[in-house]
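Look for chain A in each of the two complexes below; its partner is chain B in the first and chain C in the second.
Let's turn to the complex of A and B:
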């Protein structure tokens, strides 16, 4: 029986393994290999050793700014974003008000494409006809009406606000986990006289450690790929104020025609992502038992 | 015993259905593709049934961004249609539509890395350099020598603009003569006329503002097109050095007095004389500001003229309000488009690609472009039809203007490296918000140019 199962397991895993090797593993090997070369479109790669990495860490202020922005966004997304999603899940779980309606409305921003969300915010924050500035002017504070995406003082905040509060995926994952907690636990707690607040804090939250850890990884790593909304709203500007690593990779490869250097940033991004995932796994002890 | 048998049969049947669905999808896709090809070459199938012994048409691949709402979509469609009617039995153009200029450029750059470029390529915005350096294109010298009529239709100046070290790498399909459009009503109310000097231009801005109008429709997002046309005019008219700079392919030193002076003047215009959303706005915002009577001037080329009488873009009767002017110092931006290149690899596809390019850039193709897209032809022999003259009198004015102006220079997009084109959108806000001075921006541009590989 075991042999038979092994056969099935191999058979069903094979397509995934082959796809992974062809699509990801080979690409990563090529990415890593060409990161040690000077390679531009239309020319053959020339091996230059560690030169790209040396330049990256010693003489590239654009890279430093992109890395800093990416780091801050990963931090905000894995803390504030997950916290919003978790709190919302716990509130929705109480089922006391129009929770089905709230859940559906809350999901909306997550089902719209990033580019469309970008366009939406671009219109909403337009300094000329945007809804936000119109409201600001309506209340008589015309001085506060401004070019939100292009002003140095507001650009980073404005871009961050286009995704930070919309945590429906986190909420749904956590709601599913809460639903899996045996009802008997809550009943026992209630019989022992625990309030709903105490049940949330001392029973539900500790039991959500694994899934919250997973959400932190998902939310944080999503920031390592974030590109669409930034491209639509600020394109990384003003200056490098909202530039992140994916946009920097795009610019070095396709605008500067410097694929070798761009790939070295890509390798760094993969390393950064791996380090983040490992950190979260250890921090939340993902996979270990709840007790 | 029956249960496992049922399970196995069910699994096998499901797998078979899935496999068939996938192959059906595949065949649907390929028919979709061939549909596109069929659109490009309607006579191909007919030919096969009528004359089975006849040679099959040579297939060539062609990517285009002139689709959908693109200003040149109509002319592209018409050129392909007329090419098919004439040469469809010999050449089948397999068209791939890419609905964005920048997506087209990105795709071509990536294809160039793998050396797998389409048979016919539009070499805009640095693509030509990449393909030439990578030895991925064929020069046109032999083809032009064999066809003096075509050579004459393209013209010596256009050929010279795309020649490097004696090799003609691309064939230009249009001349760009770019001045600016202005709202005659607003000018009248402000008591001004198109400026003859830059001092007068700035004074006009001030008078328009005083009369309650926004003087300029500028934008710094995307490639900062309408803003950079004025910047190019400022540099290009600033003495011999400035004019030389604006006629130099791939300038690497932006740290010049002309550039710094121009950037300072542009800072003033962006701060005082444009719409509030100019910083970060795209082309559509600026075009809309002008067409909707929100701004008095926009720098742009004749292809925009059609928009002024288009009710979906402009208010009724707007085309009667618009005038066209040259930049101060009797000057105009005047460039030849990079045009088309042969990326085909076999002699057979190269010849077919050349035939397609010859049609697009010859007298017929240029005439179609003029009539369907208000595109200025490269040949002096082609004149606008009476219908076009009546429909777009502003276009005739633009031609006159091009003939009258004496100082000419190119646009930034046609001379700088693509990474400079991409940098404006982040540099202009730095300049306007005082994060960097004009001198610092000029240094930064020089640094960015040096980064291009």
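Let's turn to the complex of A and C:
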């Protein structure tokens, strides 16, 4: 049968292989190859060895700031957001008070485009008419009213807030995992007289190690992509207060026309992501059996 | 003990309320403001609009080429999804069912693509698309999005194919069906739920994508809705009501799709996420 199907197998795979080459393989070759060159639009790349990388680490404060911000956001997203998502999953799993409504609404920001989420927050936090400042003034503390996205002291915090709703994906994954725990386990615990709180802490949570590890990886790596919300709200500013690596790549490549340099940042971004994934896999012993 | 229990309940309700407020609040507030005049927005930003006028929505379509962006988004969404599902349906089936040389190499390469953050590929893709003569063309976006959804669709579809019993195909072969006939007449129809899940995920990707759209297009010819918002930001700088209306025009279809196809979206997010 296999022999007869050989032609069909090739025929069925070929289009996807072409797509993969066009979108991924060629990109990766260009990315690595040109990261060792000086290259701008319309010119031929000139090989300069490790000069781009040396400059990145020794003489580029914008890059350092972008890297630092990206790192902090990866850390925040993979801890606080995973914690929020997990707590919410456990609450939703109790199936009380309008839980279906809560579950549905909670997903809204994950369905609409990041640009739209950015727009919503931009409006909410607008210094002149935004709801947040209006509420602050309503309670009489006009001093706390801010130009949230453009003030050096609040910009980083405000951008971080816009990502809170993305904890929903964690909740979904964990709800699915809880649903897979056999009911008999809970029943025997209840018969032994365990309270709901104890069941959550001693039965459900320990069984979630693998999936929580996966969520940490997912939430963290998602921060290596984030561009749309930052572009909508702060554009990386004020100064480079909310700049991250994707925005920095965009700026050096398409605004400063510095392709070779921008691609060395791209290589660094991939390396950073890989290191993070490997670290988490070891930390949570993903793939190994329970305990 | 009783106080502790009460405190926990308060905490629980408070947490849920906060999450609902955070997810729904901005959406409702902008929806409300999209019916207001500029003066109302500035003076009465928290209040109800005096009357529900749709003039902001009319203006939004007049000031900006919103309908052009809309058509582009619909075209990119539909064809980006169809192309992705057709190609990955075919290759996913072969990868799930048959043993052949280079299989492991292919699987490895395809899953490696998961580890490449899109942002790293910005400039290389710009170069590829430019070289192919597809810069600022809707076709360019369709191809890039079909490729970008490769790992997730492959995962969802091939795990679905694995659940189909082999006997189905064997009896089809015995009845004299060819490979192509078996795939299109037997496998595709049974796999509808799998294609539904992958399709919803892929459509949302095409509909919401921002970073490739911004580097692969210029002008208004081939831009999609998320970019429309980015440009409205400055165009509508002094016309808040219209800006709000434009935002709603972009958001509402996604929310409607979600409410209609909740099951597929949720299972898609879970499947896509585990792999990602």
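Basically, the second predicted complex is superposed on the first by the 265 of 291 C-alpha atoms of A that agree within 3 Å, B and C clash if a C-alpha of one lies under 4 Å from a C-alpha of the other, contacts with A are read in each partner's own complex, and residues count from 1 in each chain.
As a working rule, a contact is a pair of C-beta atoms (placed from the backbone, for glycine too) under 8 Å apart; a residue touches a chain by one contact, two chains touch by 3 or more.
Keep in mind that this is a model prediction, so the values were computed, not measured.
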Quick check on the superposition: with chain A as the shared anchor, is it clash or fit for chain B versus chain C?
clash
Please indicate which partner A:56 is in contact with in the superposed arrangement: first for chain B, second for chain C, both, or neither.
neither
Given the touch rule stated above, what does A:277 touch, chain B (first), chain C (second), both, or neither?
second
Going by the contact rule set out at the top, does A:116 touch chain B (first), chain C (second), both, or neither?
second
Considering only touches as defined above, state whether A:151 meets chain B (first), chain C (second), both or neither.
first
Taking the superposition on A as described, I'd like to know which of chain B and chain C A:212 touches: first, second, both or neither.
neither
By residue count, is chain A touched more by chain B or by chain C?
C
Quick one: classify A:254 as touching chain B (first), chain C (second), both or neither.
both
Could you look at A:82 and tell me whether it touches chain B, chain C, both or neither (first, second, both, neither)?
neither
Which holds for A:107: it touches chain B only (first), chain C only (second), both, or neither?
second
Once the shared chain is lined up, is A:128 touching chain B (first), chain C (second), both, or neither of them?
both
Out of 145-153, 217-225 or 253-261, where does chain C collide with chain B after the chain A superposition?
217-225
Considering only the contact definition stated at the top, list the common interface residues of chain A for chain B and chain C.
128-129, 254, 259
List the residues on chain C that touch chain A in their complex, please.
8, 12-13, 15-16, 19-20, 22-27, 29-30, 33, 41-42, 45-46, 87-88, 90-91, 93-95, 98-100, 106, 109-110, 113, 115-128, 132, 143-144, 146-148, 150, 154, 173, 179-180, 183, 204, 207-211, 214-215, 225-227, 229-230, 233, 240, 243-244, 247, 250-251, 254-255, 257-259, 262, 265-266, 269-270, 273-274, 276
Can you check the complex and tell me which residues of chain A touch chain C?
1-2, 4-6, 8-9, 12-13, 15-17, 19-20, 22-28, 30-31, 87-88, 91, 97, 101-102, 104-116, 118-124, 128-131, 134-135, 138, 164-165, 168-169, 172-173, 176, 197, 214, 218, 221, 224-225, 227-228, 231-232, 245-246, 249-250, 253-254, 259, 262-263, 266-267, 269-270, 273-274, 277
Chain A - residues contacting chain B, complex:
38, 40-43, 126-129, 147, 149-152, 234-240, 243, 251, 254-259
Inside the complex, what are the residues of chain B that reach chain A?
105-106, 109-110, 112-113, 126, 130-131, 133-136, 220-221, 275-277, 279-280, 418-419, 421-422, 425-427, 429-430, 433, 435-436, 451-453
